[in-house]
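Got a structure for you, questions after.
Think of it as A, B and C in the order they're written, each chain with its own count starting at 1.
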Amino acid sequence: MSELVELYAEYGDCLDEGDLERWVDLFTEDASYRLTSRENHDLGLPLALVRCEGRAGLRDRAMAIGRTAVFRPRRMRHLIGAPRVVAGADDDTIASRATFAVFETIEGEETRVFLTGRSFDRVVREGGRLRFRERVCVFDASLVPGSIVYPL
Amino acid sequence: MSELVELYAEYGDCLDEGDLERWVDLFTEDASYRLTSRENHDLGLPLALVRCEGRAGLRDRAMAIGRTAVFRPRRMRHLIGAPRVVAGADDDTIASRATFAVFETIEGEETRVFLTGRSFDRVVREGGRLRFRERVCVFDASLVPGSIVYPL
Amino acid sequence: MSELVELYAEYGDCLDEGDLERWVDLFTEDASYRLTSRENHDLGLPLALVRCEGRAGLRDRAMAIGRTAVFRPRRMRHLIGAPRVVAGADDDTIASRATFAVFETIEGEETRVFLTGRSFDRVVREGGRLRFRERVCVFDASLVPGSIVYPL
């Protein structure tokens, strides 16, 4: 399996297993992360539901999630399509895109679709492995179900 | 990533992004496309919900969709499993199959499963890239939800 | 496509097409199969909803399913993420994990999410091809919907 496919698979695993420290480690030190709706993205609006700058920003987000008291825990499950390498990336950066579906299982309920969408990513080799320098997750719905915003 | 995997990923992208001109271009000039239910397929019935012959037929279908006035727009999202190359294809043609799940997001609603199924495809190299010469999409449900039939 | 990816894709196909004989053949003679909830798995509980030892055990399970009279047939559809090879496997065994989503279509109804989860697998080369020596399927929900337990 290619290293790029492996990066995406590991990324989904980290979020699904709640291993947010390892999730942060999949980004470069200066990475930027953005989560936005397709509507905002298509209109070119700068609005984002989540925006993190650098690993410090990602770590803050991870800690905020860890501190949130939750009445009924929910489990997420990512399914990620084959990443497509987009032409036009320079030598050091891979510009890639991948389709995702995220499913949610709230304790005692049946599993359901949480969100689907597509990510627009820039990946670089840093510290001996591929990491995200930029990740923009664009979900198809207008709203994220539920009140706590997990990263995708 | 292999060229075949890339073809399927691009195919899903074209439909999800509504880029139907690019979608037509992923077929050969003499391609045939069919969309049918699993029930019909298993019974060997020639019935198909959609049938297009050649790029001209595909283009007609794409234009028909573009002209349809829609009250509430819906967005589709394809997730496509690893394509399997089936033994028995001749030298020039790749016979492959892939599982798919298509999700639908109607404006203002939550994302839900639209259809799942499997495609039976014949892929050839033409004009410097892989293209579908035949694509038969077999969905698991008896009916397609909604009134407009998008290709899968 | 790598042989490991192909194994997973074929595995899903066998179950989706109801070809349970071919499904059994994807395991080694001494294979063990277990289906359990994430809750049990995370707590380290030995409880399993399904447990099969050896191909004989898998064949028994397949036959039990074949004999079950069903009022309204349901069709399953597996979507399997890229398998991740986990470090630490010895020379002969591949330890891999893969995310899955299984969809269900009951006759006359719309397709819905059945279960999502992750499998923890040990794969070996036997008889000229890769086969599962161990497969532990861990689903995210607490319960499996419906009354008949199909393997995942």
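FYI, a residue touches a chain if its C-beta (ideal position, glycine included) is under 8 Å from a C-beta of that chain, and two chains touch if they have at least 3 such contacts.
Quantities reported herein were computed from a predicted structural model and do not represent experimental measurements.
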{"item": "Fitting subunit A to subunit B on CA atoms, where both chains share a sequence, rotation angle to nearest 5 degrees", "value": "120"}
{"item": "Fraction-based call for subunit C against subunit B, same above half, different below", "value": "different"}
{"item": "Distance between the centres, which are taken as Cα means, of subunit C and subunit B, whole angstrom", "value": "27"}
{"item": "Touching two or more other chains - residues of subunit C", "value": "5, 79, 82, 101, 113"}
{"item": "Interfacial residue positions of subunit C with respect to subunit A in the complex", "value": "2, 4-5, 38, 79, 81-85, 97, 99-101, 113-118, 140-142, 145"}
{"item": "Contact footprint of subunit C on subunit A as seen in their complex", "value": "1, 5-6, 8-10, 12-13, 16, 75, 77-80, 82, 101, 103, 105, 107-113"}
